[in-house]
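Below is the structure I would like to discuss, written out as structure tokens.
Chain lettering (A, B, C and D) follows the sequence in which the chains are written, and residue indices restart at 1 in each chain.
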Amino acid sequence: MHRFANPAEFNRLADAILPWAKVVMAAAFLYGLYLALYASPADYQQGESVRIMYIHVPAAWMAMFTYMVVAVASFTALVWRHPLALLAGKAAAPIGLVFTGLALLTGMLWGKPMWGTYWVWDGRLTSVLVLFFLYLGYMALWRALDEEDKAGRAASILALVGVVNIPIIKFSVDWWNTLHQPASVMRMDGPSMPVEMLWPLLTLAVAYKAYFVVVLLYRMKLEINLRKLSVLSSLEVQG
Amino acid sequence: MNLCWTTLPQNLKLTRHGCDRGVGMNGAGIFGAIFARDVRLAWSQGGTGTMALSFFLIAVTLFPFGVGPEPQTLARIAAGVIWVVALLACLLSLDRLYQADYEDGSLDDLALSPLGLTGVAAAKILAHWVATILPLVALSPVLGMLMNLDGDAYGMLLLSLLIGTPALSLIGSVGAALTVSVRRGGVLMSLLVLPLYVPTLIFGVGAIDAAAGMTDALPHLAFLGAVTLVALVIGPVASAAALRLSLE
Amino acid sequence: MTGRHHSSFETRVLKADGLATSRGGRRVFEGLSFELHAGGLLYLRGPNGSGKSTLLRLVAGFVKARAGTLTYGDSDWTVNAPAYDAALIYAGHDNALKPVLTLRENALAYVSLMTGEAPAAARLDGAARLFGLTALLDRPARFFSSGQKHRANLMRFALLDRPLWLMDEPTVGLDAVSRQSLADLMTSHLAAGGMIIAATHDPIGVDGDELVLDNFTPKLEIDEAWL
Amino acid sequence: MAEFLDMGGYAAFVWTAYGLTALALVVLAVSSLRAGKKARDRVEQLRPRRRKGQA
């Protein structure tokens, strides 16, 4: 079995990483929020509401990034039958779901002042919505099958099928978006942005990533202990 | 009669070794047998053929009651409604694609066929598409009339359904295989599969609207075909992997 | 014997060495070894849950072995699927019959699934006669009693010429006549050089070696790392 | 300070967005941490008894 296959080895690694990740997270959040809320200019068009972008875009990025993590974990779990990789997928998915939910929420709160309606069928927002359903499907499949190991591998297959389809979905939604509504709402996230706006965005992106590492390790520890519990209780049953 | 297998090549076409009358082992024969049996079952009593067709008819006729009978309104949403309902009919009929075999134990036999589970899945998907989806496509012009679809779009309606619906069967098959051991897995399957149907729906309807609006529908069809090809690569392989899980 | 033509199998040795597997997260057996040669019959004994069915499903390629090797001649069945060698017939608990199809159609479907060709009519009738199902050949399977369904499922052993037979509780629900037919079928298969592994409690009347699954229960239920 | 809080009239949207985001992230982190601790404690509870049983 691989070096990281047993939980004790993983816990040691996690305990080594956690303090550093927390420090980076705290620093990046503090500095990022300072930049985002105070030390960056308002947009000439959107005014102060552009500040919502600083937490909307990182959330959307992390929503996508987390699904990639789930897909890689699923691939490892299926190809090398690695039990911890299986649990990593299960641990990461809820975080991805929260990021996706936040991206949608902040997208709506950003759209309302500008376009007068909360929901705008903008290409990127719609892709994030579809991603939300992919997360729901993955997590529902984990719970649907009674045997944990089978449920994990079934969900892993779904994640791999999903990750192959994500670029196709993204492309088709953007295509559909230009077809029906040429003006795009969220143009403000490309590098074409003024530098003063890029810094808060990147800082908060780092903060979100560090946050992801911290919570993923928390949830991995949780999943490992839950697995141990089911193992121990199955032994109790046989006495 | 002497069975003289030594080592059999592990590809689809397993040729007979120079036996005098050994039992033949041809992959095409096996594929055809599975296909024929599934098409037969789809249209036998309790099969999905009639069910999908009647759902398709009834569900589309509901829309005029909902949005009102004005021809302009119906015409504008005709392509979208027909495609969405065809998609749902496909999803409904896929629920039992593997579950029936799983419950009566014949999934074990399917897994033991020399064709291999990927070939078996491909045969069953093709049977589902031919037996359950083609009738819908054949009927779609009638529903086009009901929905006052633009006159020039009928050809494109058929063409886009023909090119796009195989992807629905292929991806839906993966959902069916993943939920084969789940009681009432149909609801879960739709959650797993519907997000993956979005590209097919967008390009499918896009082609029809382009034809109706006298613009070039070719790009839509090209992307629709591309999505189906990707589904063709993923569908049988992922379905076989999922089915192997349920055999353990 | 009824019109079952004589076939001789050029079979290869089925060798299991140190097999271990787990099912439902629980280890089932460990260090299990046996050897089966042409003409050999192996009975699997042991209480329910000791892994009789799991071992049969492992040999059939449905369950993956966690450790150990299983070779059939030069083909390693722990690596590539036994299905491709087309060397075994597996009959599980369920009777794999489509209720809508008649017995003839079900048999035809099974044989063409395994070989790509339809069975000879004489052979199909012979198999039906063997299990006393001639009258039901053209009736849909949904009218069959469970005993008839089970006998219909056993017909597969008379329809295909394959060296290795895997039988899971074959005698369940069989009356005396059918039990004798099964015994005769098995005897002639062994005489022709075939091999059989049967998980069963009651005696079928054909002598063979015994493998008691209890001797291979795993020492450690779950590996230490997860405790 | 008041002017900062007003966010150019968009106070409601900006602060709701930031507030809900902070809330969601904190709740996720804390619940994950706490559930992990609870599960670990129950594992510790079960394990010694198991070892005693074996001894």
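Annotations
Keep this in mind: contacts are C-beta pairs under 8 Å (C-beta built on N, C-alpha and C of every residue); 3 or more make two chains touch, one makes a residue touch a chain.
The model shown is predicted, which means the values in this text are computed figures rather than measured ones.
Contact with both chain B and chain D is made by A.
A comparison of C-alpha centroids places B closest to the centre of the full protein. For this pair, chain A with chain C, the centres built from the Cα atoms lie 48 Å apart.
Averaged C-alpha coordinates put the centre of chain A at 32 Å from the centre of chain B.
Work out the mean CA point of chain C and of chain D, and you get 54 Å between them.
If each chain is reduced to the centroid of its CA atoms, chain A and chain D end up 16 Å from each other.
Shared contact sites, meaning residues of chain B that touch two or more other chains, fall at 248. Annotation for chain A: residues touching 2 or more other chains are 228, 232, 235. Residue positions 47, 50 of chain D are each in touch with at least two other chains.
Only residues 78, 130, 133-134, 136-137, 140-141, 144-145, 150, 153-154, 157-158, 160-162, 164-165, 168-169, 171-173, 175-176, 179 of chain A touch chain B when the two sit together in their complex.
Taken in their complex, chain B has these residues touching chain A: 171, 174, 178-179, 181-182, 185, 188, 191-192, 194-196, 198-199, 202-203, 206, 223, 227, 230, 234, 238, 241-242, 245-246, 248. Contact residues on chain B toward chain C in their complex (touch as defined above): 1-5, 7-8, 10, 14, 23-30, 32-34, 37, 40-41, 44-46, 104-106, 108-114, 116, 244, 247-248. By the touch rule above, chain A contacts chain D in their complex via residues 33, 37-38, 42, 47-49, 51-52, 55-56, 59, 94-95, 98, 101-102, 105-106, 109-110, 112-113, 211, 214-215, 218-219, 221-222, 225-226, 228-229, 232-233, 235-236.
Of all the residues in chain D, the ones that touch chain A in their complex are 4, 7-10, 13-14, 16-18, 20-21, 24-25, 28-29, 32-33, 35-36, 39-40, 42-43, 46-47, 50.
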